[in-house]
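In the two assemblies presented below, chain A is common to both, partnered first by chain B and then by chain C.
Up next, the complex of A and B:
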């Protein structure tokens, strides 16, 4: 399978919008607002995986990454949303 | 809504009208099995609850023990099974948060955690490994963040927990006797909710925990999010309020949210409450029903006298904890809930707080008869195969080293842990009032351990449950402590199933009989039903957490660990019997179910424990270990592993009534201890034991770097390296680190 192109895929995992995020709240309250940025109204923490994967196409690469995330439970679908996008560079 | 037709009728009669929709929501939450104990309550009366150390028994947020010199211990146990099965990290972490707030509710400072965990087969099941990994990480992250050490626990693996898990956490607190917060309150005292903003998380959590687990997708609403930072702030702020004496009552908001917390508090106080929901600090817009039953984490209720409110406010502001003054106490015993200027509920607190008892049928399940009539024994292995069987048992995750688990926990923070996980059979804490803000000078040493055995309890819930209690007592005795109290956690499938319910009743009976005979009171506990998956009910899984006191008086001595030395003699106390039912040997090695579960002989059990404690107090032993899962052979191997030296054992010396060698090696008979003794002390040991009616024998000697098991001329030899390798199976299965 030599010569297949390598695609760069970003996986963004964050709590669902209606689920609270104490870590983001704490950063906002204790760091950002106390640091003078009173106009910052919300901070949500997410985790990003930058994946390089050999595949025939960008779609195949994203499929592989999606399967990987689900099979290996890299995120919990009950708690989090998982966005998979191709990254330019 | 989850009320039955009968309950609805009962409610209508009690109110003499139809409930409003909010009243119905509140009652449904509080009358869930999880909050109301409506099936179990009549049976829990079987427990003996009084003893010389008991200050407060069951029925409060935590049991309270008086250990002398103005020092009090509080102890409580909780589970978080359903939430952990859906979101293992957050479920386990919020379980820790919950039990800690129960300890806080008595005005005591949480100082130690224990966890008892149950999963499916992590050898072959990815999902079970995912649950195990994240539950342990959740406990570690929360406990470590808030600075409360996790000092002991146990883990069991069994197929009946496939796609599910049991996550139990016990917490120990310390308080000054003159600062204990009992529920008190007078008319016009303020009702205050402090901590996290209320949001939609954990809506219907209590009713979620009161029905069969359907799998994760449908139950997303019951996901609970931990906030250990707020948890820590609440601990510190609450302790400061207690120190200042500016709160009259404290109560955790747990299952059932505000609905349960307000109704139970009002009922306990014999007061009513005027509550204005407009004042509640919220995270998002929500309906009044949602406000009343939300189970958002890290929230506490405080009852504060108006004249002390400024002091309370200064403390909360200092810790930046948001709070709302939700209302005040009234003298009419009713909850008056207002929203937008309208009274939307007006209901007697005692109606909400006291669900009608449901009489459940209990019928012996047919599987028990089936196991009895199909019991058999495996083919007797060749003597040479014994080594291989022992190594396989050592690698059995239910027996193998739990180092992978406890290495993730901070078990030292607070500087009280004198005997740490992995060193002995129970943890030991050194307590002094200095730590609780007082000026005491003398130390108290307490030992704690939690134990369970789902395999024994499945086959014989009465004897199995009694055995768990006996084992927990043995474990605290191994470090030199006399058991003084227990809390239990009773986990079963659906109480609506008459067969499941029978196992519950038998289990309570077994625990109650043991406690009464031993005069070890039950000071609290929890019942968790509906632990079922699509594959049916879990095996009955009662857990027993025993608290022991080392120096009740001044003659105590703590056994700090397995300190056997070369040349030390190995002695066994107790009798090994042909009781192979539920043994790891039969089930893990041979997949054989046998009805003959080990039974506790109460008088004998007490004699062996007393004998061991007398030897420890006389300073005559270098190490003590109890025999449990895997039997004598595993216990000997564990002593070798722990002390880093081999042993030579002559099995024919072991006191026993077995007809087969494999039974002798692997029977899980109760009331047995292994001791290592310095050769010079042997005469003194024998003299002391002559006053105790127990079987005992010298069966070998510690030496070298292999374990040699000999029996009438034949022998096997197992290297320390191969035992250690087998015993490390969990770390290998889970990968290193977290």
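Up next, the complex of A and C:
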């Protein structure tokens, strides 16, 4: 251990906006709207990975996670977009 | 005159979670009478032992993260990529198709079926290219209909517009569904790479080789011979491999 701090980084993987999301549509149409929440206009399902990384700074941690996502195709760029955000220590 | 063929050896890649590997072994060994071997996913070097590779269906690595993605990074797939680059015929069926897509050997991506459910039923495919386009369709005429079942949850093929146009121009859209079971773009059931030696298909030909498994709706040329339509995929491959041997003799 070199005593580097650990950063918590969230990776949010979701389909591109123009790609249909039947799961989100079903949740909205058959559960949420039928349950009375008529003002809910859209639900999109996403996948989140909570990652802990040792790094010198939050920027370094996010950079590592970004490279990891690209190199190992943690998201499929044909279908999805990937957002990388720090969730705080 | 007797022509002696070199015996072809076909490799079936096995991942933790593959579950159609033995069905394919049965078809190749007991119906087609060719030499066939299982290849465990940790193998890094396949050298030139194999004349063709089959990536079977199942749930490699339990489909974690995304169907096919973890398998795509396995040691054996790096070796399969090298063989594919050398022109060795490679077929990925169902999960095998997903693995080929995630490996970058085939274009596109897979999504959850429109129904959101696992869909297991017989479908009717149509060959959308000339049979000579791939080693696995060699014996078929363009437009041939094949009755072969699908069994998938992430079987909805997707590709962006520009790539689709290019694939159409290059005759890479090999099979189309007549009765799209999962919402696949452009009714796509199977595609090949630009070179034609790598084919991915969602339906399972190995489950449609014997009449005991095939439904009465299989009214194709093959039904008269006591086999289901799926056998034509494997017969085509063997024909292709034997043709290559003849040339090399």
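We take it that the second predicted complex is superposed on the first by the 87 of 89 C-alpha atoms of A that agree within 3 Å, B and C clash if a C-alpha of one lies under 4 Å from a C-alpha of the other, contacts with A are read in each partner's own complex, and residues count from 1 in each chain.
FYI, a residue touches a chain if its C-beta (ideal position, glycine included) is under 8 Å from a C-beta of that chain, and two chains touch if they have at least 3 such contacts.
In this text, all values refer to a predicted model and were calculated from it rather than measured experimentally.
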A:18 contacts which: chain B (first), chain C (second), both, neither?
first
Contacts for A:78 in the overlay, against chain B (first) and chain C (second): which applies, first, second, both or neither?
both
Considering only the touch criterion stated at the top, classify A:38 as touching first (chain B), second (chain C), both, or neither.
neither
Can A:50 be said to touch chain B (first), chain C (second), both, or neither?
neither
In the superposed view, which residues of chain A touch chain B and also chain C?
15, 19, 22, 26, 73, 76, 78-79
Using the touch rule from the top, collect the residues of chain A that touch chain B in their complex.
15, 18-22, 26, 29, 73, 76-79
In the complex, chain A residues that touch chain C
15, 19, 22-23, 26, 72-74, 76, 78-79
What part of chain C is in contact with chain A in the complex they form?
65-66, 69, 72-73, 102, 108-109, 111-112, 114-116, 158-160
Looking at the complex, which residues from chain B come into contact with chain A?
86-87, 89-90, 126-127, 130, 196, 199-201, 216-217, 219-220, 223, 225-227, 229-230, 283-284, 296, 320
